[in-house]
Each structure stands twice: as C-alpha cells, then as structure tokens.
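Written below as structure tokens is the structure these notes are about.
Chain naming follows the written order as A, B and C, and within any one chain the residues start at number 1.
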Amino acid sequence: MKDTEPSKNEREFLLEALREGARIDGRKFYDFRTLRISFGSDYGAVEVQLGNTRILAKVSCEVIRPYADKPTEGFLSFSTEISPMASTVFEAGRQTDEEVLVSRMIEKAMRRSRALDTEGLCIIAGEKVWSIRVDIHFLDHDGNLADAACIAAITALMHFRRPDVTVVGEEVTVHPIEQRNPVPLSIHHIPISVTFALFDKGERMVVDPTYLEEQIMEGDLALTLNVHKEICALSKAGGMPLELEKVVQCSKIAAVKVQEITEQIEAALAADKKKR
Amino acid sequence: MAPPVQNTPAEQQDGEQYESGLHVILPGDLLPPTQSQDSEDVVMAPVIKLGPGLQPMSDESIVAVKAGILQSTASANRWWVQSNQKRYVPSSGESVIGIVRGKTAEHYKLDIGAAHPALLGVMAFEGATKRNRPNHEASILGDLLYCRVALANKDMDPELECFNPTTGKADGYGGLEGGHVFKVSLGLARRLLDPKTLVLRLLGQHIPFETAVGINGRVWINSASASHTILVCNAIKNSEYLSPKECESMVKSLIQKM
Amino acid sequence: MARLDTTRTSAHQLRPFSSSQNLLNRADGSAQFDFGGSSVLCSVVGPAEVKLRDEKLNKATLEVIVRPLVGLPGVKDKACERAIRETLEPIVISALHPRTLVQIVVQTMKDNGSILSTALNAAIMALLDAGIPLNSIIGSVTCIIDSKTNEILLDPTTEEIARAKSTHVFVFDNKSSIPSSTSASMDVDISNDDDGSPRPLFSESTGLFTEEEYLECVNISFKACQAVHGFIRTAVSKKIEKEHQQTQA
C-alpha cells in the first residue's frame, strides 16, 4: 500500500513548532522516547518499545561447518525483513528502501564493528562452528526503526545463552539447556545507534524521530557509538548537505545518549537475571 | 494509544457470573427475543430499525456482527451496537476531515481515511454555479478540508460536499487553515463532537483554541501558539482511556508544566 | 497418567489463557493470545485500499500473512496462511465491504506447541478489535493422541507433540453453542456430551488414528472450544465495559 503523505498543515505546524523549540509529542530536541525492554521466557527473546515503535528480536543458534578460508570463525547473521504488521507500506517479499537502509545499518553496527566475538564461536577449527542468527521482527512502526532494532539486537545477543559443548577428540556433544548451564556469548562492546532528523538545512536537529518527523525531515544522520565514545558506524544517506561541525556536535550528543541507553539495557538485563 | 487490557486466568474464573447493567454483545449473538419482534402480536409488532453492528440473517433473526454495547432508543424500535474502532467506514451525513490528494476538472480527490478515496465535486461549495466557481485554486494537494459525506454506499466511492444541504450555506465546512491535525479512535472522535466533553471543557478554561472534529477520527486544533496547540493535542490524545478524575489531573499537570 | 507437561494434572486441561487487545498503534486492530508458553501477536488492517489485481467486486479480499519466529517464511507458514484464511473467510462478512482489503498479519512471539490454534484465537480477537463485521466468533484448540499411552491430550506443548502418534487441530464457532451455557472453566468435563452436536469449521489431522479416536477428539475439542469462547467473551466484555465506564463523565 502507498505511503500517505502528511497534510500541508501537519508539515507547516511541525516546522513552526521546531522553530519555537518544541516537538509535537512534547519532547525536547535531544530526548529519546520512553524505552521499554522486556524479556521472554527463553534466552535471547527481547521485546523493545521505543514510544510506539515496537520490535521483537529472537536469537537462535545451530552448529555448522565454517568457510574453508576462515576455519575458526563462527557466523552471525541478521534477518531484518520488515513485516507488513509494522505498516502496510511494507509488503511481504518486496524490499523497500527503508528496509535496505535498516538492514545495512544493523550489519554495519553489529557485524562490521565486531560487537560479537565470532572466533569464540568455534568448536573444532575447520569442522564445526556456531552460527548465531538474530531474527528482528518489526511489529509497530512509529519512526526510528533503525535505533530500536539496534537496541533490540544487541540486547537479545547479550541475553542469549547457547548450549554448552564438550569436545573429546573429534566427538562433539551438545548439552541441552536443561542438563547443563548454557553459556553466554562473548560480546566485545555494545554498539548503540542514535539517529538525528535534520530540518531547516541542518539548523534544527532532533534525535529519535517519530514517523511524522521522518516523513517531513530533509535528511538524517545516524551515528553508532559505544560507551567508550568509539564511533562504529556513521551513515548519512543523502538528503541535504551538512556542515562538518554539525556532525561533530551530533557525535557529542550521541555519546551522552549512548551512555544513557547502555545503562538502561544493562539495568534491564540485571533485573531479568535476578528473576531467573 | 490504548493501554492494553490484560486478562489473566484469575479474572476468567468469574466468567458468566460477571453481571453489570451493560449488555455487551459479540458477533453471532442474537438480539434478545423478548426485546425483538413479538411475532404473535402482529399489530403491536414495531418496525425495528437496525443501526451499526446489527444485521438481519436469512432466517429472519437479527444477529450482532461487532463487539460492543447493545443500545436501543426508549421506544425500543431502534437498535444498534456501540463499539469503537480505528478504521473509518463512511456514512452519509457525517462530518469528516479530508486531505486533498488530487484534482481533476470535475472533482477533488480526498483521503478521508476510508478504504476508497472520496470525491468532492468542484461545484459542491456554497454559492457555486457553473458561471461562478468559487475560487478554490488555493486548495491544492495536501490541504485539509472539513466536509460532509453526501453519499456513502459500499459499492461506490464516497462523495463529499462543502456546504450544509438544508441551508445551502458553508456552515463551517471548507478549508482548515494552519493548526495541526492528528488521529484518534472513532469512539473518541464521536465524544469530542460534544463541546461539553470533559477534556475540551478543562482545556478551554486555560487555553483558547479552535477545533474541528471529523467523525473519521481526525481532530484539527489551532491556537495562538504552537506550544498551546501541542498541549491541547496531547491532552486530547491522552484523555481517551482516563476516568474524569484522572483526566482532570492530567490536564492540570500539563498546564502547570507549560 | 502424568503428562510430559508437568504443570498440568489432567489430560484435558488447557494451559492458562491470556490475551490483550489494541496493542499496536499503526494497525486498525491487534491482539495477542497466549496458551501458556505459546504466544501469537496478530494485527488487522482494513477495510482498506486494495490492489487492483486483488480486487473483488462483490466482497472484501482477505489476505493472511504468517511470519515465523525464526527464519524466513516457508512452506509450513504458507500452509498456515491458507488454513487461517479459509477458516476466517466464511466468518468475515466480506460482502459488506466490497473492493477493499482486510489484511491479517500473524507473528509468533513464543512457540511451545499448538501454534495454529493460538494464531486462530489471536486472529479472531484482532478482528473483533478492528471492528470487522463477523457473523460469529471462533475458538480453536489442538489435541494429540499420545503414542505411548494412546491418551488424548489437549493443548499439547512442543515436547508432547514430538511424542504424538497423531495431531488434530479444530475450530468451532459460537453458533453451535448457546452463550449462556459456555463455561469458562479450564478443565474440560467430557461427561455430559449431549448439548448440541459438534460442527467443526476447520479440522486438520496428521498421523495415524482410527475413526473412533477422531470422533472422540472432535468431542473433547468441542468442549474445550467452549472454554475458549467463554474466555474470549469475558476478555472482550471486560475491555468494552472498562472503556465504557471510564468514559462516563
């Protein structure tokens, strides 16, 4: 189904409000919406709500044979097909531009930044390695799918436990979760993405844009950082040009946001651990 | 958005004993026979008019097709199911807010949130004649119009008009300039049509604002400043599932924060 | 005989139901339905604009999309889509909204057996939430015949299904049951089986079983579906009453 454009009134009002320093949902420019993280009964099942945007991430694993040229590397893959449940704009089996962007973003933020220790997934070099799969299900779309997906994916990976294995010679035994305590994945760092929506030729920037803000914005800038203030990915996919100093300014704001979000994720994980 | 209503198994135990004055009806439920047509007394049998949510079946029984509260008029010849939903299905005579999506020589094409685009004749304005076409050149793509559904039929695209057919005057129908529009559930929109609705009354005590409510779940708000409009919009959105008391404190806290 | 699912004491006991409606902001209607450790989220959009090639002149087009929890949609999910669509097609009064689309998206959230039944129950609750005209409500349960004990187990978990010699999924509507006689009890009593004859709307069986076994499954599932209907009625009524009371200013 086609995307419905916002009315002229909405467009003008949103811009007018921004010029007065206000956002339509009452947030400040650099505020995220309320973030809620909840865990399923299984390891590696996480539901993330960022305002009305809602995402379910589910981690699963299997033992497979590694590539011959990288015999000690495990696999990490993401499935980011956007379900029509999120919005009728998305059709099953047909990729939209937004979907490609979100998918690339997750790929860069998680895999290319080496957030997960894939060498640690090796069971027998050249023979058996773990393949970790993260299915990201987009349930409700109210803007900023990328940041929410990023939070869901990394939280799910941190929550996940794989079955323990013992290797005797060439013999590999996988112990079911019920029999032996499963093992957490080894995570190098926690990449968190912060998206800025740009208005008025970059004069005004807001973080965590809603769907309406995304429809009206002139461009966006997404930065992925970790708590050590290391930039893992930076994406500015077209839109209007942006002065370099704005990018630096954004990265400073993002660093603060990343700190807040990381603390929230860790608090949620700790609370869940206590309950188990 | 609505806070989800959780139903735990504990609540489920009191199943059918759960009694209240309201008659909640679900699809497949028959209209209670004692209240519907009394077939033995043909002279007294009133003609029953069915409203939304009720359908006559092939075996002459009347069955609910939506979940909601069964309502009837005092004389008990009009029956309907009061329910809430988000998707608009046009019905003639209702006032709606549409967004102009296209224009042909004869019609404007408007998005009113229904399955089909609605047509608004270029002549369907106050005082329009073939010679004297009102100047609506300003009204182009993306404009908001407050209109009345003139014709609604499941097999045809809905048609709109921008005047009151009894007076021939605009009576408030027409373009909505400035302000902001947002979506609410159809149930909340119906309640907001009454200017005495609590949330509107409370807000009105503090902030002067203009409003136009479309039965199609679109609410337009305009006030002197953007911050006022934002406050009014959010207060209305928040009010849907609040009791009168909660509503009062919600409006109060928003006003204080201003 | 003890069940593999140790949380339950009897063969005809269903897992605790729970549900919530109107969870999603973008969809016109949504509901999540849980049978214990199995959970399905369902969204409904419609009556909405339909693509020209799917347009039907005399009725609404019903589209069902099933998305698995892990991996890409496969043959099994397509079969599920078809089962759900063909069960709901006679329930939705599609003639009231010709040339429109009613789109149902089903997403498994937690999988511990009986997913098709959970999905069907979630779908009917989402349709109710969206206000799509329906001529009745449906309820679904799954049962298995255990390969070791030959016992019929209702609402099996994944573990129990793995040991089944046959699996049966049933759907019944609330027309073949009188609303006042529906009991919301979760333990299904099979002793009095003479009120109304079971008329399944949908039945899917796999494995080997005899005619008698099948008929017994029908009867037991019919009783269990009454409990599901009772639950749906209570859940929806509560939501409507709560909303109504809050809005009485």
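Rule of thumb we're sticking to: a contact is a pair of C-beta atoms (placed from the backbone, for glycine too) under 8 Å apart; a residue touches a chain by one contact, two chains touch by 3 or more.
Owing to the predicted nature of the structure, the values given are computational and were not obtained by experimental measurement.
Located most centrally within the structure is C, per distance between chain CA means and the overall CA mean. The chain pair A-C and the chain pair B-C differ in C-beta contact count, and the higher one is B-C. One finds 38 Å separating the Cα centroids of subunit A and subunit B. Each chain gets one centre point, the mean of its Cα atoms, and the points for subunit B and subunit C are 31 Å apart.
The residues of subunit C that reach two or more other chains are 23-25, 45, 48-49, listed in rising order. Across the assembly, subunit B contributes 1 as residues in contact with two or more other chains.
Shown for subunit A are the residues that touch two or more other chains, namely 52.
Residues of subunit B that touch subunit C in their complex: 1-2, 4-9, 11-16, 18, 20, 22, 24, 26-29, 53, 55, 57, 63, 65-69, 83-87, 89, 114-116, 154-155, 187, 191, 197-198, 241-244, 247. Here subunit C touches subunit B in the complex through residues 16-25, 28-29, 32, 45-50, 93, 96-101, 128-131, 133-137, 173-175, 179-180, 182-186, 230-247, 249, going by the rule given at the top. Residue ranges on subunit B touching subunit A, taken from their complex, read 1, 99, 111, 141-144, 176-181, 220, 225-227, 229-231, 233-234.
Per the touch definition, subunit C reaches subunit A in the complex via residues 23-27, 37, 41, 43, 45, 48-49, 65, 67, 69-73, 103, 105, 107, 109-110. Across the complex, subunit A meets subunit B through its residues 4-14, 16-17, 20, 22-26, 52.
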